[in-house]
Amino acid sequence: MAEALLTLAGVHTHIGQYHILQGVDLEVREGELTALLGRNGAGKTTTLRTIMGLWKASQGRLRFEGRDIAALATPEIARAGVAYVPESMAVFSDLTVRENLVLGARQGRLDSARLEWILGFLPALGKFWNHQAGNLSGGQKQMLAIARAIVEPRRLLLVDEPTKGLAPAIVQSLLAAFRELKATGTTILLVEQNVSFVKRLGDRVAVMDDGRIVHAGPMPDFAADRALQMRLLGLAMEAHT
Amino acid sequence: MRVIRSLLSDDVPRGRLLVALLAAILVGLAVVPFVAGGARALNTAATICVFIVLVASYDLLLGYAGIVSFAHTMFYGIGAYGVGLALGAMGPTWWAVFTGLATALTVTLVLALVIGLVSLRVRALFFAMITLAVASAFSVLASQLSDFTGGEDGRNFRVPEVLQPGYRLIESEIFGRAIDGRLLTYYLVLAVSVVLFLFLLRVVNSQFGRVLQAIRENDFRAEALGYRTVVYRTLANCIAALVATLAGALMALWLRYVGPKTVLSFEVMTDILLIVVIGGMGRMYGAVIGSVLFILAQNYLQLGMGRAAAQLVDWPWLARVIHPDRWMLWMGILFIACVYYFPTGIVGKLRGTAR
Amino acid sequence: MNDEFVPAQQGKGAAIPAAALDYAPLVLVPAVAIAMLPLVGSFPTWVTLTVAGLAMGMMIFIMASGLTLVFGLMDVLNFGHGAFVSVGAFAATLVLLPLGDWTQADSLALNLSAVGLAIVVAMVATAAVGWVFERLIVRRVYGQHLRQILVTMGGAIVTEQMIHVIWGAEQIPLPLPKALRGAFVMGDVAIEKYRLLAVAVGLVVFATMFLVLNRTRIGLLIRAGVENGPMVEALGYRIRRLFVGVFVAGSALAGLGGVLWGLYRETLTASMGGEIVVMVFIVIIIGGLGSVGGCFLGALLTALVANYAGFLAPKLALASNILLMVAILLWRPAGLYAVARR
């Protein structure tokens, strides 16, 4: 079997004096959507930030397309083809929607055809093209953050809790957006608390607890096994089902 | 031995060399009037005493609480002006000294509280900028209200009789030294300085001091543990400011003069900053070693630099950089080197890896 | 940048109003100026004070703008910025003193060429000093505010001392070029020529910065970086390089400010930058740390208030800045234009 697009092996991350990641092993395969689940504080966001180089791993290997990225600076990791959609709608609120998207395009040029396609499944952005992103609603900001990450094709998309705090109708349209992205073969690592959301999207699933991966496998098996879900996620999932 | 330990709040200096140096400094300061008779030596010794207190109180802020203030000379100046102006206006009595001191302490407390509460809740940078602005406005104000403060020239005043040079405690001399008012003033300065230093040592080794250091290390965590960081930092700011005010009052009594150059200028602030960092941040004994070395160097090393510069007439550039007026250049470089390479300063080096 | 793409449905049914401009701070400057007219009493005096305030404000803006951007971008506050102002002023003497023939000639063109040349030399010199400063002093202390304040302060001391080493300890006279001395007189109103020049240069700098920030890709990156630096890095931009560029440009602007300020004072001392930097700090606090627009308004406001106060109650001139700062912070705790920050 070919090597996965992204591989983490025995990754440890310290933030100050706290030992957050304690040996994470994770694989993200090309063309698949891998959902990363877990309780609050399990280390999901830290995992994404470590992949992105925003926190430095103190130990372990991070390989992307067969290349060691543990020592690379954040901009180099992004240039290697990793895009990141942080938690809590991190758009540049002083900038307009258009400017946010222009920044996403490292070439400096927006490709009209690709943009038409993106606005096709994230239509709200077109409406507010020249508005300051800070004035958008939460859902619109989330869509903008996603659009900014994919405004040029990227090899891997890291998304941190996109549905957090959003109304069900907007979650539905995000679901459609992710389906569209999957259909075009984009590889995605999606951190979520909303299990029912990822059940409908994921190819594979990994569950974190206390800074480690405690379960990894195909999503259909996981989705079918309620006992496993209860054991791994406990009360966390009841809120969402 | 136990008495000493308790006086030092169990914060005994570690390292033999450090202990020896500190003991030598204490003994030296105690006997200086009888050993070196000159006015210059006595003046240097008194300045050292006052600076030890001034610098130690600043270290409470910088080294222990981790906040940078540029207003420390302002509080020092308030103490000096408070006592000086009161003595000038009310005549040379102890009553005037205490009135001036009480007024100065009140003004200091109010200012320190207001500045602290307004700007300490934000961040270290903000506090540094605000204190810089307030202190410079204050010093301009002090030199502009010349009817009251004497402006740029400052004011001379007479101290209570016991402290005047003409006063004799006893008629006979001891070790060839007249027991006059100057001598008494010097011992007053020394005694109060020792008490204030021991007080600061107590503060930093108390529960309060430990919380301050916890906040410096990680204010999020300290806040999470339930400590109101703003309250602690404001309190530290007030204590440091009040001690600086007392140091200013001592200086005024010693100099029998107050003026913006000696107690309010930014140069004094830079001196304090240099001494704290070079002596060792977050180590009270650093204030002692740093002040002694710095003030000795200021008074005596500059003479040496002058001589060396005079020898170097053939190399005008070299002569210029070691000209005595350029000694701050070398201090500045030493300062930067300390921040990078010896963050624990001289005392940290003397203590070795202890602590 | 490609502006051709316009989404089909843009603007239709826009539920939220287009980016609402925050007018209140903009109105504040003229409001203060007009409110002072009756207090000052005499119209010609008021014009003189206002022009002087604007000129002063422009000079402070030029010095402060780089500082506030550097802060916004990397959370670095350079306490040595004042020393750059002094370096700029002293570097100008390298041109203006030897070119005495040009500056004392009866020709505005020659005078202005001398000043222009001095500005170029000063900006190059301070840019170089800024670059060295960034490499030797600032680079190692990112994210450590305490050490940052200490080492930049130490750097300021060393820089100031080096000025003494190079130019001597005495203050240096820097006379204004001939054509820039004196005032235009219109009836009762007299406006000093040099102040007009300072206002003009300030406006040019502000307009240039505004254009660079709002119309270029670099500007877009700077604005985004000020708001959320790590996110800009996660998009694949090397923000360190951007920062060094902004730091060097900010230092060059401090040098430009130093030339203007030096010609205004007509005497140079090594500590002149350290003295003015207090005003600069007040201005960037008032403006909102990181905001160029706020810095511009804050500079004008501070200088105007200081000038009016200097006329109405001379002893309170500097305290007036503190009072102004307190008033503004009570109104808007993060300054006139708070920069959105994460």
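Lettered A, B and C in written order, each chain numbered from 1.
One rule holds for everything that comes next: a residue touches a chain if its C-beta (ideal position, glycine included) is under 8 Å from a C-beta of that chain, and two chains touch if they have at least 3 such contacts.
What you see is a predicted model; the values in this text were computed from it and never measured.
> So which chains are sitting against chain A and chain C at once?
none
> Which chain is most central here if centres come from C-alpha coordinates alone?
C
> If we define chain centres by averaging CA atoms, which chain lands farthest from chain A? Would you check?
Of all the other chains, the one whose centre lies farthest from chain A is B.
> Which integer distance in Å separates the CA centroid of chain A from that of chain C?
42
> Where the centres are mean C-alpha positions, what is the separation of chain B from chain C, in Å?
35
> If you average the CA atoms of chain A and of chain B, how many Å lie between those two points?
55
> Applying the document's contact rule, which stretches of chain B touch chain C when the two form their complex?
My answer: residues 62, 66-68, 118, 123-126, 128-130, 132-134, 136-137, 140-141, 144-145, 266, 270, 273, 277, 317, 320-321, 325-326, 328-329, 331-333, 335-336, 339-340, 343.
> Quick check on the complex: what are the chain C residues that touch chain A?
1-2, 4-14, 16, 18-19, 217, 220-221, 223-224, 227-228, 230-239, 339-340, 342
> Where on chain A does chain C make contact in their complex?
52, 54, 73-75, 78-79, 84, 86, 90, 92-96, 99, 102-104, 106, 108-110, 112, 115, 119, 123, 125-132, 134-136, 148
> What part of chain C is in contact with chain B in the complex they form?
Contact set of chain C toward chain B: 71, 77, 79, 137, 140, 145-147, 149-151, 153-155, 157-158, 161-162, 164-165, 169, 274-275, 278, 281-282, 285, 314-316, 318-319, 321-322, 325-326, 329.
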